[in-house]
Each structure stands twice: as C-alpha cells, then as structure tokens.
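Two complexes are shown next, each including chain A; its partner changes from chain B in the first to chain C in the second.
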Partner chain A sequence: MAGKSITKVTRKKAAGRGSSRLSANGARASAAKWVGQPIRRKEENRLVSGKGIFVDDEKMPGMLHIRFVRSSYAHAKIARIDVSKAGKFPGVVCTLTGAEIKKQVQPFIEIGPGGAQKIADYPMAVDKVVFQGEPVAAVVAETRFAAEDAAELVEADYEPLPPVVTAEDALKDESLLHPAMGTNRNWHGVFEYGDVEKAFQQAAHVVHIGRLHFHRFSSTPLECNVILANWDPRSGDIEYHCNNTFPSFASQFLAPALGVRIDQIHMKSFDIGGGFGIKITSYPYMAACALASRKAGGRAVKWVETRIEHMQASAHGNERTFLDTRVALDKNGVILAIDSKHVDDCGAFPRYEPLGCVIWAQVLPATYRVKNIRIAMRQVVTNKCPVGPNRGYSRMQHLWFMERVMDICGQALGIPADEMRVRNYIRKNEMPYKTPNGCVYDSGDYASMLAMAKKLVGWDEWKKKQAAARKEGRWIGLGIGSTLDSGTNNFGQARIINPDAPFSGQSKVGIVKLDIYGEVVVSMGSVPQGQGHETAAAQVVADALNITPDLVNVRPGFDTAHNAYTGHTGTYASQFAVTGLSAIHGAAIKLRKELSRLAAWKLQAKEKDLEFGVGAQGPEVRVKGRQKAINYWALANLVNVNNAGMPESLWDITLNCRHVFHANFQIPDVKRKYGNLTLTYAAQIHAAVVEVDRETFQPKILAYACVDDCGKAVNPRIVEGQVHGAAAHGIGAALLENCGYDSDGNLLAATFSDYTPITAVNIPELLYGHMESPSPFTLNGAKGMGEGGAAPVHTICAALQDALYSSGVIIDDSHNTGDSLFHTMQKAESGAYKGMVRVEHRRAAR
Partner chain B sequence: MSDAKKILVRARVNGEAREAEVEPRTLLVEFLREHLNLTGTHVGCDTSYCGACTVILNGRTVKSCTLFAPMAEGGEITTVEGLAKGGKLHAIQEAFAECHGLQCGYCTPGLLLATLQLLRKHPRPTDAQIRKGIAGNTCRCTGYQNVFKSIRMASAEMEKR
Partner chain C sequence: MYAAPFSYHRATSVQEAVKLLQELGEEARVIAGGQSLIPLMKMRMARPTALVDINPISSLREIETSKGELRFGALVRHADLEHSAAGATVPIIHDCAAGIADVQVRDQGTIGGSLAEADPSGDWGTALLALETSVVCFGPDGQRTVPLEEFIQDAFTTALAHDEIVTAVHVKVPPKGSAGAHLAFKRSAPVYPTASASAQLTLEDHNRCKEVRIVLGCVGLTAIRAKEAEAALRGKLLDEKNIRAAVEAARAAADPQSDMRGSADYKRMLAGALVKRAIGIAARRARGESVEAGHEYVGR
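And then the complex of A and B:
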C-alpha cells in the first residue's frame, strides 16, 4: 500500500503553487495564496471527535416517531388497508393511509411531458402499489418501539398484478404501472447529429453489437434518509431538519403538493453522512412526515429510515439497456459513426426523471472525436424502486456504453485498447472542443492522461506478464476506462425533455459578512456531505481578504434561514468548485470593496493606498507603508454599533454581502437537441489489470491506477480523496454491488449483507496520478469534480473482456462476479456470443 | 410501554458511571445515543455489516447495533467521545484528521475504535492486518486509501509515545 503518485501541471505558473504543506490551524499571515494548497480540512476535528451533528442526533420537544408500513408486492391492487388495531395501540397518536393523504395533497409535479403528466405520484400508495417497499400506511407514536409494534398490526390485503421487471418487459406494454399514462414508455427522443448514414456508407468496417446492459446499483450512503418535520399549526410553516441534498428542488416539489408557499418551508441540514445523489429524491417522505406532524396536532415527527427501507424504497441508480448498436469505422479503427437504441429504466416513478434522458448527452461523444451519432433514447417505468441521480448520474451509463463500443470494436479489428483510444481521443490542441450536439469541452489532454495511467499501472510490463501467464492458462486482462465528469449543468437541457419546463441555467449563492464583532462569516449555498466545502470556501475567502482560512468561519450545512439559496441550490452535478466558490468569491470581493471604502474614510486615505492583511489585532485594512490601520472589529463596529457621524455616502454599506453566481448559459435549441449543457469537463482515465481465477471464476484486481484532471485543484488533498471515493464506488459496482430483482419484483439485495458494499479487504491499492488542465471558463481554472464517471466499471469490464476474449466471451453486462462469470463462460461455450458481435469489412476506406 | 417493563442498565462509559432505565429490547447503540446522549456512535446498516456503531466493550470491539443494552450491564465501554483527553485529540483521531482519512465522517467513530483495538493487538500492523482489522467497518466516501494511511500514521505516532 505504498501508494505511488504522479502530478503534472500542464500550464505553468498556476497560482499558489510552490509552498510547503500548511495546516489550516497554523498561523501564517503572509500574502500566501491558499487556493491550491492541500490544507487540512476544517471539518475534520469535529467529525473525529464524534461532534458531528447528523439529523438523527437532533431532537425536538414533544417529538414523535413515524413508522411506514410497506408493500411486500412489486405490483398489486390494494384491496384493503385497516389501521384500526394499530390506532388503538398504547402510545400511538395517529395513523395515515394513502387514501387519506390523497384527499389532502396534490400529486407531485412530473417533469416529463404528455402522458407522463398523468402519473399520480403521492407520498404513499393510494389504490395500487408499484414497487416492493412502497409505503401504504404509517403509524405515528410517542416512541419508536410503539410505532414499530403498532405498524405490525396494520392489516393490508393485496390483489397481485403481473410485475414488470425488465425494460424489455416494460416496452411490451402488457401490464401497465400507471394505466392513466396508457403505456410504460414515459419518454422518447432521437438524438441525431452529423450524417450518420453517409458515414456508414463510407465505412471500411461496420461492427454490429447486440444487447448490452448497465446494471442497477446505488452508492448507498452510510447514513440513511432521516427527516425531522414539524408543521406548526400557528404559522402554517413547515420546519425540516433533514439530509436531503437538493433542498431547492425538494421545496419546489413539496410546496405545490402540500399547498404551502415556498417561503413557508424551512429546511436545514448540518452534517450529512454521505449522499452521492441518492438523497435528492427523499421529498415523498418529507411530505408524509409533514402530514403526520399536522395530523398529530403540530408535534414534531422523526423518521429514521432503516437500511432495508433504504435499499428497497429510497432510490437506485439508473439501469440502461443498449440495443441494436452499429458502429462505422475507417480502415484505421477511427470511429466515424454510432447508431444505437437505448432504453433507460427509471423504476416505478420518474421523480427526478426523465432528466436522465438528456443528461447523458452532456458527454455524447465521450472522450472521442466521433461526429456522426444517432441515439434513440427511451425511458420506461418498471415495478422497481424509483431511481435517483446516483454519483455519475446518467453520464456513466453512456460512458460505459462508449467504452464497451471502443473495446469491442478494437478487439473485432485487432487494434489494442490503448491504441484504439489514442486514435479516437479528442486532441489537446482541439480544446475547447465543440461536440456534435453543441457542448463545449473546456480543456483536457486525454492521451497524456492515458500515458500517465499506463505508466502508473505498469502497462507494458503487465503486457509481457500477461503473455507469459496465458501460456500457463491464466486469464489475465488489461483494461482502460476513459470518463468525463461533466460539471455545472445547464438546467436549460430540461427543455429538451419538456419544452414547457420552467427552469434553465445554473446559479448559486454565497454570503460573506463581517459580523458585529468583526468575525468573517460565510454562508454557503451548498449542501455538503463530506466534500470539504467549508475548507475550500475558507481558502477562497482567505485569498480574497489576504487572511488565513482559520480566520474564516464557514457555517456548516445548509439553512434556508441563511438566505443563501436559489432554485438551483444543492450539492449535485460536480459543481461546487465552480458555482459555489465563484459565488463565495464574488461575495468576498463585494465585502472587500465595502471594507475598503469604510477604511478609506476612517483612515483618511485613498482606497488605492490601502492593503488587506492580518496585523497584531487580527485581520485589518492598513495604509501601505504607514502605521495607520483599522481592524475588522473596528470596521464592523462602525457600521453596526457605533455609526453616528458616518457620512451618508457610506450608508449603503451593510458588511453583509450576498452574491449570486450565474453560469453563462443559453437555452438549448430544443428541436435540434443542441446547446451547451454543461460548463466544465473534468476527466478521469483509469487502467487496471484483472485476473479471473480458473477454478472459481472470481475476478481479482492485480493493479489499479486512476489519473484525474479537474483543472486547477482548489485543495489537492480533497481532490485525491474524491478520486479514491469515486473509484471505490465504481469498483464496488463492477464486482460486488447489484440491486438485482427476481422475476416477481423482489429485491435480492435488501441488506448490506446481500448487497456487500466494498470493504477494506476487497479494495485494491489505488495508484493515483493528477494533471491540471485549467478551465478557461472558470474562476481560478477550477472544474467541478467528485462524481468520477464510474471509471472503474468501464475499466474492469474492459480488463475482463481482454482476459476472456480468446474464450469467446463478450462482456455485455456492467456487473461481473465469480458467479456471473461462470455463467458467462458457459454461455460462451454454448456459442451464445457468436452472433452478438458481427463485423462487416467493406471496401478500403478513403 | 409501562415503566414496569423497564430494567436498569449500568455501565462505565468513557470512565464515568452511567445508568438508564430501558426496555429490555433496547440495543446498546440506542442506550448510548438515546439514553446517554452520546450521539457520536452511529447506525448504518442495522445488521452488523458496516460497523458505524462499533464501540469497545470490556476490551473488545463490538457492534453496538447487535447487542442489547442489558448485555453491557456492569461493563466498561469506550465510545468516540472517550478518545480525546483533556481537549487533546487521541493520536488516532489526529492521524485520521491529518491524512484526510474521512469525508462525511459518519463511519469515522466506528473506524477510530476499530483502529484503537487493531493497534492494541498489533502496534505495528502489516498491510494485511490493517485490512483485516477494519474489515467490519464500511466507509462509503474514502475508498479506504487514506484510512490505511491514517492507521499507519497513528501506529508510528503511538510507537513514539
């Protein structure tokens, strides 16, 4: 576990490099630039001390506990729900049923157009259940034990309906989840660019690929959903302490459903035990908890989701099936065109969907120069847990598809995997690169990243070892995974899904103020879950005011009371380094200007003669070259406490500076499905060596390297941690974690013991390399990062393909275990893969 | 839930005598969190897989979500709140903080106690001993790399003392 690593900065003179490692607690008051330094996180000390405040650590006076009663069926008509016995149980305050709730709320808004608008999504099932674990009733009691015991007394009878478990079954429309929609197909659109047919006519080779399947998994944050809700009967306001990570989105769904004004929904979070996107769609439970609180007479209600509830009925990542793929290549293996049909499976309710049906298009050509592309994208509903935007959301499915295409074509034409990529990658000198659908890749050097990954993993040596091992009958494979982590999304892409969607662009708020005693206080418009936002924000503010990060008090968590939110506020889509920090930087610069004006008046100096820094009495503004200075306490005092005699020209100064960052986006051309969907493109390129045991078929990683490039790294220590974490999720997903269902719609991995999240014994050593291609479009050249694009899923599939190709195997699924590979080999022996990949060699290409 | 059903559980927790009357089915983790207000210990999976609830009971790491509180009667318990002494972080806490061996921090209390136990048994653990020592502690954020680094740093620091 020695951990070698390489760092390379592509553009010299990135700001703030060159200093030694510094501690945030260290008193270093020079003009050092803090952005770019790997400083220790401000969050660490409270979290290692057990002083983090997670929602379940919070209590409210008179707090009650709610327990949901859930469907054991995937698809059934509700024949009867009887809560009378439960209602009489000692300690029970009230019960709720779906039928009762239906009279009190509007169904949640649907983003999709047409028939999707007819889906009635309520906080609990009303007439029928559409996935296993869907809540049908709830019990509210004085204690959690009483709620649990009473929930056992709720009687529910069901009339089972035929379950729709696979995307292919859904397409048949034989059994409908939402009869009012008239079909299980809730969205369809064709994304076509260039001249696909002409490219096929000109191709030297055409490769036909059969069905590929990207499986369902979830990053399963260790803290489940927790909601503490209080609907105050006096004010009509609803207060939430919760761990929802996109509170603005949740509010916009909750307010119309519950019939309150947005301003009446107060939301706050403090520490959150991981999210990875999965907690974004917790709003149905937030609504149910509020309704329970109201029915209980305005007493607070707490819901702590159990792990089984989380696995069955919170959210999973999107499952996608790729059909009828055709790839046109020239004689050198350069891909000229791709034509394919994709079916996304969003589970029982769309919720955040069908946004995933366009979000993949942020990375339409992946890291490649392919110009002619036609993807028919369809989404269906199935009797499975609704999906949510899981880390790498919608792009990883598409990137996996593109990487499978690359490897399958390479192998079909006898071109090595690394060579195949180098021939097809977008070149460094083509950046910024406009994709066929109008997205702009801001910067990057994929070929150099690949070279770094190969060097780290020992590619050339392993090639030799592989050849020797093959002679001994061992199955060793080498694989590459190229991904993009598109960040700072343009919500205007929702118009491609539904032209009437009333949102677009992207914004974030930051507030930087000088409090009454001169303390620098930052309120963030983000909802961090471990990404170190407090630290990064303090680094940016420290640079803006020429102070140290430990002098910047960043308020942890999110609170609507801070007023640091817009309708886009949340933590998602790899963007804080761009949107959140730009907003905070803008606010810090506004504060600096106000301080400068105040100090110029008080010190009787010109603003241009002032400088910022830390003096003997803390942060101050001083006159250059003279002994005149005023510290922040005195400046704050002038405005807040001691303001008699201040000239009227300074009365606009509040020392409470709010800045809204707007990304410079246009609304895409909806007809052509064309426009800039995302501001930045971080990249990761991974390389791995995997061996499949000949006896057990168990795959084992022998070497693993990750190279990332997220532009200027604001805090390299945090960036490396994010790369490790994303890699672990990908490796877990590729080899262990699977939200599989049986043919009746029963989830087969409803506990961690079945789902087996990756642990310390099955994570390989991750060799790490870092490059910096600064973004030309952002403050400091930073790009959002953290999602990682599920690079290991692509990389491991590629390595398995390489290991087993000579045995006639095509890796057609993103999830591979010893068990599944055994069946894969049996399939190969029976010739099942023979027709799956078909190559047409045409005339020599021009 | 009448009081008659409750039983008294007493334990020394982080060196202090603590007690509470609880229903017999109360889990040890609930006793710590709900009754003693020691909220540093967390629940992640309910089924002993993830180890967010790890505490040390009578010299052994236990998953406090899988023991009933009365099973700890008369016991000696260490939780994350008991690691720092006199306002100074324990070497293990310091190492995790310095090596960025945590992100969201939800699994961290359990990992710290598993590490404490690991280093008591193997003051200079091998890589394999480190992996095995924390095999019962799931972290969803770090990919374990910085956790390994933290444990090696803690081991080196504790050797020095």
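And then the complex of A and C:
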C-alpha cells in the first residue's frame, strides 16, 4: 500500500503474575527472549519468492484430472443425466454420476439431531439439485483440457422446483429442500438466561426493533480448493494431498461415507493460500475425487477448483436475520434485557452446521454487562451454496446484532454511541467475567481500548467537524464497533446442538525432537494458511531451549504419517497461540528435560548446574561457570549413533517428545445451555468516520482506527498483520462483497467482477493501536486472535447510522453500497423506517 | 477455466494479419492485449478457433502528433497513454487511461482492442466520443477511416469486417480554451464502471459555453451523446440553472439496465451526478486550472 502510512500506538500492561508463568506440564517457562518480539516471519521469503509448495504443485505418476458438471438450477428434479458422449471423448478415462455414487457410499453424517438426521448429503446430487453449482456428474481425463471439453458433452435435463431463497421463504415450508426432513427448519433452541420478563417490567425504556439482516459473504482465499486423491487398490487406503484446513474433522466425515477405517485415510497439506474457515467443508469434493480415483483403477485424481466454482459451490458465510427484537433499558441507557428471534440461513446442506447455532453463544452478551437475555435461535436450509465456518464464524453475526442494538437504542434515547458503550461495557475489574450462560471472559479493558481508538481516530475533533459539515448538508458519521474473538473452543458445546455428539474439549499436539544429527525439529500438526505458525513456534522453542529461532526447523503442514495430530487438529477458531503453541512448548520442555539428563551424565554434573545456550559449536548444554559443554550434535549422537556405555537409567530418552494440549473444559449443561464454551477472548475496538457522498451516495471512509488486545502478543508483527487482514476483510464485507442471489436462486456474484473482493487499493489508512491484557488461563498470557470478529462491519454500519439517522434512516443491513444507500434514502423519505424502531418510555419502576 | 481448443498465429505486418484472418475464416479473431478476449475464452463465452496475434507489429504501438491530430497506434496500451504527453495536453485522455481497471490491465489492454470490443461499459468508447475521433481500419481493400460515431454500431458490434483490423485511432486536438473530463464510478478498481460520463467544453468569456459534448457510458447499448444536455449549455452561461438543466437532460438520455454493478435507477442518478462533476471540472480546466479527475471507487 504505497503511500499509506500505518500509525501505531502501543500500551503494554504489567502482566498479572510476572513475566514467567506456569506451563502446561508444571515447568516454569524460561524468561521470554523471543516470545513477544516482532521478528520477521520465517516462512515469508519462501512464500513471496514462489518457493511455497501448494497442492497444485504436486504431481503423482499417472495422475488424472477431474471436472465437475454442475447444476444451473437452484432447485430442480434431475430428469436425466447422460454421460455417454462425454465418456467416449478422447482422453476421458471415466465418468461419475450422483446416481452411480449413491450405490457406493453412505450419506455424510449430519451433526444436527432429529429430522436433520434425515438429510441425505452425497458427494454429488442424486435425484434433485438444491443449489446452483451443485455437482451432478464428473468427468475424469488424462488432461485438464480433455476433462473440460468432455464435461461440455454431459447432457442433463431438469424439472425446476420452486426455489427457496430467503430465510423467511424457508420458514413457510411451502417448498422443501429435503422432503425427508419434512421441513426446512433444521434446528431450533431457546437460549434464555436471567429473568427477562422481570427486567422488562422494571425498564425505564423499552425499544422495539424491526428486522435486521446480516448478509452472506465469503473469504475468497487466493488459492481455491485443491485436492489430489489416490485410492490405492492394493492397500485400500486413500491418500490425500489437499488444502482442507481441518483435516481431522474431514476424515471423520469421509471414513464412514466411503466405508473405510479412519486410519486408512492419509492426509497431507503443505502451504495453503488462505482459508479463513471456508475450506473446512471441502470433504464432499474429497470424497468425489477418491471415488473417481477408485473408478479409474487406482490412478491419482487432481481437482483444482476454478474461481467460479469456488464462488458458486464451495462455501459462504452464514446469513442471519434478526426479528422482533425488544430491548429493556434503565433510565441511564443501561441495557437490562434483550429478547429476540434469530434465523440463521445455512444454505442447502448443513455440513458444519448447525454448530453455528451454539457458537454465537460464546459471546452471548458481547462486550456488555447485560444479564437477562432470551434468544430463540433457529436455522433453516435454503437453495443457496452451503455455508462453512467463515472467519468470525457465527459470533460476528451476533456481535453485529448487539452493536446495532447499542446504536439504535443510543440514538432512540439520545445517548451518544461512545457513552452508550462505556455505560454498558463489562468493566476491567470484573474480569475474569462470567457471562449469563457460564462462559468466562478471561481479561480485557474495553473502555480503555475505546478511549485509545477514539484518540487515534480523532473522535473529538471529528465531532466538531461533523457538526460544521452537517450545516453544509454533508452526511458525516462517526461509528464504533466493539468485537470479540473468542478462541480455543470447547467442542463440548456441540452437545447443546446434539446431546449425542461424540466429542468435547479441545486438544492439539506438538512434537519437538532433536533429530539424529542434532537439529531441533518441530512438527506442528497445525494447518497454517498464512498465519505465521512456523515463526511463532520457533519463537516458543527458542525460548524453551535458549537458542535462536533460526536454529529451529519447523515442519509446516499437516501429515497424518507424522503422528502430530489429534482429533481436533486443524487451524480454525482463533486458537493456535494458545493450543498449538502450548503443545509445542510442552514438548520443548520435555525435550529440554531429556537433554538435561543426558548432559548431566556426560558432563558429570548435576542437572541444576547446567545451562542451555548457543556456543561456538552451535546449540549446547553447559556447566554454569565452567568450560564444560556438549553440543546438540553430540547429544543426539549419544542416543542414536554412539550409545554403548549409556546407563540403563537413560534408555527411556528418545529425544522425540510429543505433548498434547488440554484446556480445563467441562461438558456444558445441555439443558440450561450453560457452560464454558471457549478459553480466551481477544477484543478489537474500531472507530471510523464515514461520509456518504450526497451525489453518488457512496460511503467513504475518512478515518479509521483499530485497537486490538489479544493478551500477550507472541509476535506483534504477526498480530498487526492479522488485524490488518481482518480489517480489510470486514471493510470488504461492509462495502463491497455480497453473495447476493436473485429470486430464482441464481448467484449474482459468481466472478470477481461481480463479487468485487476488496484489494489493497480499497483499504483506507489504518490507524493501529495495541493493548495487552494477558490471559490468566494460558501459557504466556496469549489469546487466539486470527478471526478478528468483523469489527469493520459493525463500525461502518454504526458510522452510516450516525451519518443518516437525522434523515430518518435505520441501517438494518450489514452490507451497504452507494446503490443500496440511494434506495435507503428513498425509503427514508417515504417514511418506511418510521415503524422500524419504536420506543416506549415507562415511568421508572425503580 | 480452460479455453476451448484454438490455433495461434503471429502476424508481423498488417497485411499478414489480414491475410491470416482471411485464410483462417470467420471464427478467427485478432488478439491484442487479451484483457477482454482471454477472460471470455476461459469462461468459454467466446470460442474462436484461431487467434491472430498482432503484437509483433511494432508500428502499431506508436503515438504521433500530426496536423493537429493525435495518432495512436491500435496497440498503444492504456498505461502508455496514462503516461503520455497526449494525456497531458488532452486531459480527458489521461482521465480515461489512468482510470481503467488496475495496473495489470492497463499494462496489457490496448486502445484499439477497447474500441473493437465495443463494450458499452468500456471507457474509451465514451471518452473519445467527447472528442473528434476516427478509427483507422485496414482490410483486404486497403485502408479506410471511420468516424467513431459510425464505428461503434451497437453493444459489442462495430463497423469492422471480419478480415479487417484497427490500425490506429486519430483524435483531433481540441482548440485552445477547450478542455474535458472523463469520470467514472465503479465499485472496485479492477471492474468496469457502474456509470461514466465525459464532457468536453470550449469556453469563451470565462464562463460562457461556446461548444460542448456530453457523453454517457454504461447506461445504454453504446455510449450515448446526450445532445439535449449539450443544447442546454451550448451558447449559454455555465450557471447553476443551465447546468441543472443539462444534468436533467443527461439523466433523461440515460437508458440503463439493472445488474450487479447497480440498479437502473441508481445508474440514472449517477449519470446525472457524474455529468455535473464532469462539466465543473472541464470548465475549471478550460480556464487553465489543473484539476485531478478520474475513476472513483471504494477507498478512492
């Protein structure tokens, strides 16, 4: 971003308990030398100089290429599929159809209970299609060209069915996507805490808010889905090279569907060009590729998704509609209770859903003290692309709703946006804070973050400028967006969705070893997509062994053959800084202990007299204050090459140390929907000044500030990069990106020309501020922070609301463009927003 | 995202290009910058059986000034024009060239290709209509020069025969006291505009409009000369009332369609807003002021 400067403000808080804290296995972490340093990323050079290894770089002998034939209809019966001409095309090895596949596989497991269990989700459509772009057949050929040419010869006839495009349509249950389920409503639950009715009786003001809508958008990673599958006829095992970002989840779906044991699925990933969660649900394509490989006689099959396929039929983020909202407030504008009905739209198949129906509850009260809450959460299926856990997954929709509630109530009662927040924020001295549904916010100081954001953006000066500009008829608004990034989830929350869900807690593994010639090697088992895991892992290990990060060889990517994975392994849900790094730290401490025992024997010293460091001959263990040392090469040699004479008491030493991270999670109380759903809560508070052009109605960001607090930042440079990325993603969502569908269920944004993903030139100068409130629950006090909570969506809506409120506008949608605001203003002129917000002032009962 | 099969041929002279087109038949197409053709081929919305690459014809990349005329070879890139002396003397050319898409597209896309493509949202077709422009075509019968008004006949349709190529674009240098502006509104940098507008004004006595052209882009099957809007200003003072009348007339001349770039009524409104701004900027430039103008999008 040439010419755009990044301004920074940093405030460090004294760590709650001194700088060294207890590690997972009880050993004290040595003083942090590298953790906390903004060192450059180890992986950067490789990735920016074209030396990354992506799936499409991989080739296997005899490899074939698959091309899917997709439905142009959103909802239709498949009358006929004829692949005979395609099958005869030169270079084609075989074809596949849904009907054929049905005989070979079980439908994928469904997470939802009851009727949702009757949804039959196959790798390809069988007798009806339920979204535009759904695969109905596939062609497997010697080259991509032949596959694509032959795919055009597949003939398909459809009998259109009435499409279900909006959540409101779905609720009518007039046209059903999955007739066996008997309804389009796949999940429902009421989340009720405190005494909501009593709070409404005691309220000084009750604000009623009409329909609010959080739109559908996605992440557009640079690299689309890519799968290379090989179903080996000799072993019956399936080998995958792919960029799925939650492979241990995918294999749990794949194995029962394909009828293999889970350990027969070997998965590998290398470098991944972005994921943001939406590659988690690529398993239907993984299954189709495996079936194609089997049919082709055990030849490897590669699929490289095109951008149009990605836009139409990979995954989008969840869309949510908020209905019948009532808010009880006291005379000072403090929110006493919220009552609302939320309808989440998960598209044609639930897949990762309905987990989103509970995940939002990790941030039930958002950043606020509100105690009495009733939210009836419902999820429906519609004839649109299935959703996947898109960055900010399920929490951002709810946080956006809560921020809209704050702004609308503030404006209705004449309380400024900043004041409204300060009055309602959870206080610093209330941390750790237990939410009404039993979650524990570990640390944070939202009011100070807001003060920093206001200062950065120049809030007070802009207020004056705004007043002057209003007189000239300009529409300038100031907005605040408070958001949370809850990280390290407790999978036990799935029981709130389905009491039979067979998983809980959270686990991650790290392996740290001294290899045969003394090199320090880390296997992470995480699936980095650009988050800098190699660097952060090296920093943690460097501190544990008192060496430098460049001496730590971190093996990127996931590989089931390396044993560095658990059932929760993947990169998702803002957690690596906690789960992955704690596991790696635990393993490094185990290795340190082994090295220390070996060195004590060899150097004839006591362990307590040893120290770790880097000497003339590389990393070593030495006797404090003496000239005696042994380097890592020699230590590794003692075990692996030259081990005669080693006392039997040391034979347990392998120098290959594995550690599994555990969080102190319990299974939630399913009936009350109560329990600790996540371990850490990073926060971001943004402030923006936005002007709506009076002639083009185009919103323009005049100033933008982001303040983040993710506890101790393991690498502040990576943290800042993540904040920038999340800010860009959110600004894109707020102003540019929308997976809109027409009333027939045609996706209107299947290319980048239509979807207009944000690029560097669209991003305003970002003013950046950083605070550290260390988490009391984690190693080093770090918190996960990669998702970022879509703060700009909240912030920009808030600023637009402020700019246009006096013109009678209520910003009721998360996506706003010049075009939509032009219509918004017309709606306001016709008085359409008059009934949308209604305020009842009561004589205060107290 | 792979094109249907095609053969590829290089031409090293305009004569050779024409000969190849004749030999290869109706389904053969010229390729210049490839910025319109290749995306369409990848989506298989265009399926030429043969491509004749004219990039080796280096004479088509020249910019000359001769007899009060700017002469651009068909292969002159948008980026060449963005940084050219022509752009500095005729600001509307700079506005247009610098605003198209992003750096990558501007480095490849050509002025000849843009006019030959005749995309109703293309910027050159709009901006150059505000000037006196003619298109030089070369075919089996030699060379002919076609005024731009006649060259672009309909959306994606030109006066070119199948075996003819554009070799140059000639633009008459506007007289002293004349200046223009080309403005466009788009959602993000690398997409076609939602609406665009060009105005070229010749002033006399500081604020009286002697001659004017107003053109609307993206709001019809071709760029639209808003002649009623021009009439509202021609020979008149550039005051608020007359400008308002011109804007109203421009809005009425627009005939937009709803699509992902914007709804029809929004585009119509935008066309008016852009015309108003273009007139304002053109007038200031005609008075000798240096004013920035160009494409507007989120973040700019």
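As a working rule, the second predicted complex is superposed on the first by the 813 of 846 C-alpha atoms of A that agree within 3 Å, B and C clash if a C-alpha of one lies under 4 Å from a C-alpha of the other, contacts with A are read in each partner's own complex, and residues count from 1 in each chain.
Operating definition for what follows: a residue touches a chain if its C-beta (ideal position, glycine included) is under 8 Å from a C-beta of that chain, and two chains touch if they have at least 3 such contacts.
Just so it is clear, the structure is predicted and the values come from calculations on it, not from any experiment.
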Quick one: is A:Pro619 in contact with chain B, with chain C, with both, or with neither? Answer first, second, both or neither.
neither
Taking the superposition on A as described, I'd like to know which of chain B and chain C A:Asp57 touches: first, second, both or neither.
first
With the two structures laid over each other on chain A, which partner does A:Leu735 touch: chain B (first), chain C (second), both, or neither?
second
Looking at the overlay, does A:His823 come into contact with chain B only (first), chain C only (second), both, or neither?
second
Identify the partner contact of A:Val761: answer first if only chain B is touched, second if only chain C is, both if each is, neither if none is.
both
Which of the two partners, first being chain B and second being chain C, lies in contact with A:Leu222: first, second, both, or neither?
first
Examine A:Glu695 and indicate which partner it touches, taking first as chain B and second as chain C; both and neither are also allowed.
second
Chain A contact check, chain B vs chain C, more residues touched by chain B
Considering only the touch criterion stated at the top, classify A:Gly277 as touching first (chain B), second (chain C), both, or neither.
neither
Return first, second, both or neither, reflecting whether A:Ala749 touches chain B, chain C, both chains, or no partner chain.
second
Common interface residues of chain A - those touching chain B in one complex and chain C in the other
145, 306-308, 752-753, 757, 759, 761, 763
Over in the complex, which chain A residues touch chain C? Could you list them?
144-145, 148-149, 152, 306-308, 695-699, 701, 731, 735-736, 740, 748-749, 752-754, 756-759, 761-764, 817-819, 822-823
So in the complex, which bits of chain B are touching chain A?
1, 23, 25, 33, 38-47, 49-50, 52, 79-81, 83-84, 89, 93-94, 96-98, 100, 102-109, 112, 127, 130-132, 134-149, 152
Over in the complex, which chain C residues touch chain A? Could you list them?
1-2, 4-5, 43-44, 102, 185, 187-192, 194, 260, 262-263, 265-266, 269-270, 273, 276-277, 296-300
In their shared complex, chain B is touched by residues of chain A numbered 1, 3, 40-41, 43-54, 56-57, 90-91, 142-143, 145-146, 219-224, 271-274, 276, 304, 306-308, 529-532, 717-718, 720-722, 724-729, 751-753, 757, 759-761, 763, 765-766, 768
